[in-house]
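The following blocks contain the structures, represented as structure tokens.
In what comes next, subunit A is part of two complexes: it sits with subunit B in the first one and with subunit C in the second one.
== the complex of A and B ==
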């Protein structure tokens, strides 16, 4: 390839490819835009500090405020502490088909959670609040293991999430909801597993879910990582 | 050899002008791109999302930029719950410094004057009614003394003792007892051999959500800093504490760590574990 004609050809071909690449970029941006407006999808933006040393002395993450709360405006908020080597509380009750906001903190090291059968998945970094918005599409008992190695007791760090149909979700007058068979706050002597509990020994067999398996049991948006969140209200 | 080297041909004026044009166009494209998507990402999208969720435009922009917490597309939950700490000990750098710089000599004097009557010479307690303190970690002793003093943990004998001491004195005593005796050091004695308990102690029981005791209670295990050494401790004391955790009589463990675990154990297991950890002389 030599001479001015050869060069012109090269320039033309470069332009064509540049246009093609530009078109791909624009299609991707258009998709991002579409998702942002219609599905409320966001890039990471939640920067919320929580001092790990004084977490247990702050109102929001004080023991008695942990767990599921229905706020006066009807929204469901779950607050949870991930600590070596347990989740507090270690069982959560949440309604199916309603918007649920999870707020996680850690007073010690990095932990992580995922709720089996859903796309709820986040790291919990000490110093920050990890927040996830989701809607559970199917009811049943799900397991929520810690998925970030956090020390010697990591493998026993598992919580349960009981997703109940919205009409069976009956929070108390204070707006709090607890798992069946779970005493809020202080555990009175209750050796062994209360009746009706999930046999956590079955965890190797995967999530314990009832009803028809759906390919999309929950869609989560996370303030820390973008994911899909269809705008569904109650 | 005959053709001239293309890199050495002098640039014509026209070529130079074309080059400048390219450079300018490229800069404009990049700047335009950043500007358009900056406005889209930080202004238009958050404002549009905020409008759907009932968030005012300015807050939506602040959230998108990351200066205020929350997502521009979701209302942020609020909580005005008053703090109800089960313990007022916070492991801030200031407290850790106080502990590491504490005056052992003062600690020793106070220990001999006040504590030795019950907890024995150098923290080795002859009576099972009083726990050993020798070799206990300074953080554990400090946390418990602080909790007795603040009322988070109550004991008729210990509470008045702790209430009479200052913060500095607590730290000094804690630092002294951590190194007090070579005779008995909590955390160094061998537990009783027992295969079944050994599993619970070193592997836990996933079916009941019980983590291995040694994930926290072994020296240097890496659990919470205030975790006390329990091997070598009097069995009667350990059992009493486990029972108190299980029935809510003692609730100064931050985030219910021990209350949850102890409530999942049977009464028999609590007794056996206490004896196991006391070990053999």
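== the complex of A and C ==
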């Protein structure tokens, strides 16, 4: 077979195709670049350190400082600790239509979050502060699960986000806002989560949850829920 | 008969036996995540299962299949016996030992860390040492492939290395580069932590080293499928490869661009700057070019075959292809899945858009479609194509082979379309159960059940695959196999000479080194210069 096409033709058609493919790739890439620059669509990338061994004892992430805060300059910041196997606090109230900055840390292992129905998404890597900015366009309740395997209680590690219309967002005099009528999150029928992951984990998370570090992660979740329960009715 | 016959068959059976166990676990996992009550469901069982399924599919099926296939190509494409067969068997047993160690650690609840084993969560050291042994076994394989090609070149001065072998060695060279990252992570961070020699670990560094491996490993799995596209499918369809040069270029581009892009797995991580994330996002776009080239070259090769068989028309020729041939059918189905999977991949790699789908079900759906779909269906087709040369008998009822391939493609689409959709709805991955009594989640249930049905179709296909490969027991049911040696596709214009750069890897290795320095130099160095606080090691199990 001498080929239905000459060799030269083969090379030419391949080159034409390579150019076309290159052009398609370039156009898509240009769109990504455009979004990054004009819409500030950048991934969370503030290289900022936080020491997992001490973060709950001093500074920004002590328990009393967690949750939603309206800063003196009016910016809304949410601080949260992700720990095996709960978020502290486990419910957040945020205003609709205003820029919200989330700051997450982990004292133990890697976690991650997303907020369903939004593009809020970040890994939470021990040693670093994970920071995400967002504006919630719709009000209502949303889920904020942990999305990276962090141990046997991982499936039960879920927080809730309550987005309220801006005029219903009334922080207290201290600038703090808490979930309304918060009912402790009832977890999935935790299919017999056995003991495990209690070694350094319990130490690191001990100060965050009230009482004894529970050997049962599902139970630990409930403890943390109780500990994080903000005083309702201000 | 091939001298590597037993070697190849043994590797393939290890790969496929592991695959059959793992797919049962996969179906059970989907069942667990659905609203239907799955038996044996505890958190520990689920995550042990995902660990086992991921390790089996990602590390065992692939590595053993690729090694076995490489030995086959080295002997049949170079038409000379494999050098160092003793080494090959030593590597095989080392790999088996490694797999047994890892499996033992998992089933005794000592390695519930998933196949990505992100520290500081740490399992038994024997799990990691087992994985290291598998990697070292594959390094021996890489060495044998490189030596086989070098010996052939010395005996055939100036001649172009047959494309199938050139591509196999490209994969071996790429794999050596690829495994540096994970090997460093395991040896310097994870294993010392697992033994309790160190109590804290720099997680930013370990994630970065793992990302070095995480993208290129996918191309390691993928390249056998591409070898089949370029060097097997055109002949089986009755035609020729459209362009041998494009084939070589494609494999070289894979070698170059699959490595300096791994940070696209860290887009959502806080330990890297937007600058380097963006650089690697840009390089990631380049790695889609060889896939575009392949789609074109293989489609053109298929068109050549179809027109030789009397096909006409702009698209009418497609009907003229020998769809009864399993390799042709598998190539068509693989391309079909590649269109969907590739489209999804464009979203994953889009830097900003990634935030929408990172760690959602979209990601698991995506890699099941590309890896479980496009890649594994070509593993099936390769097995069907080379089996007669390995066993000495031919398939009596090829209809069963086609049925198996169709079931796989259909099952994969049924499983992954709802899975993708759920990812867009925000369903997150890597959890055992969902609380379907929550109204925000309740609507997902039916879609997970559809995925489960897709999984069952895949399970049926997998069972049929194994039945197809089993030797016919009754003597009269056997048909004698081929007597002539295995033939690869010829190019429409077989190369008499190729430029030396497309006949070896020296220059490309140099370029890989430079690209890696540019892409990963600072991102890794930063961990040694800035004093990031370390995470406390969390050991699981006893």
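Basically, the second predicted complex is superposed on the first by the 139 of 234 C-alpha atoms of A that agree within 3 Å, B and C clash if a C-alpha of one lies under 4 Å from a C-alpha of the other, contacts with A are read in each partner's own complex, and residues count from 1 in each chain.
One rule holds for everything that comes next: contacts are C-beta pairs under 8 Å (C-beta built on N, C-alpha and C of every residue); 3 or more make two chains touch, one makes a residue touch a chain.
Treat the numbers as computed from the prediction; the structure is a model and nothing was measured.
Of the two partner chains placed around the shared chain by superposition, neither subunit B nor subunit C is touched by A:164.
Of the two partner chains placed by the overlay, subunit B and subunit C both lie in contact with A:48.
Using the contact criterion defined above for the overlaid structures, shared-chain residue A:24 touches subunit C, although it does not reach subunit B.
Look at A:94: by the touch rule set out above, it reaches neither subunit B nor subunit C.
In the superposed model, more residues of subunit A are touched by C than by the other of subunit B and subunit C. In the superposition on chain A, A:112 makes contact with subunit C only, not with subunit B.
In the superposition on chain A, A:177 contacts neither subunit B nor subunit C.
Contacts of A:75 after superposition: subunit B is touched, whereas subunit C is not reached. Of the two partner chains, both subunit B and subunit C are touched by A:36.
Legend: residue contacts after superposition of the two complexes on their common chain; A:135 is shown touching neither subunit B nor subunit C.
Comparing which residues of subunit A touch subunit B with which touch subunit C, the overlap comprises 29, 36, 41-43, 45-48, 53, 84, 107-108, 129, 131, 151-153, 155, 186-193, 199-201, 203.
Per the touch definition, subunit A reaches subunit C in the complex via residues 1, 3-5, 7, 10-11, 13-14, 17-18, 21-22, 24-26, 28-29, 32, 35-36, 39, 41-53, 84, 106-110, 112, 114-117, 119-131, 141-143, 145-155, 186-194, 196-197, 199-201, 203-204, 217. On the subunit C side of its complex with subunit A, the touching residues are 41-44, 46-47, 109, 112-114, 118, 120-121, 199, 202-204, 207, 240, 242-243, 245-246, 266-274, 277-278, 281-282, 285-286, 288-289, 292-293, 296-297, 300, 304, 307-308, 346, 350-356, 358-360, 425-426, 428-435, 438, 440-441, 492-493, 526, 530, 532-541. Considering their complex, residues 29, 33, 36-37, 40-43, 45-48, 53-54, 56-60, 62-65, 69, 71, 73, 75, 77, 79, 81, 83-86, 88, 90, 101, 103, 107-108, 129, 131, 133, 151-153, 155-158, 185-193, 199-201, 203, 221, 223, 229, 231 of subunit A touch subunit B. The residues of subunit B lying in touch with subunit A in their complex are 37, 40-41, 45, 48-49, 52-53, 63-67, 69-75, 77-88, 90-92, 204-212, 214-216, 221-224, 246-248, 251, 254-257, 259-260, 263-267.
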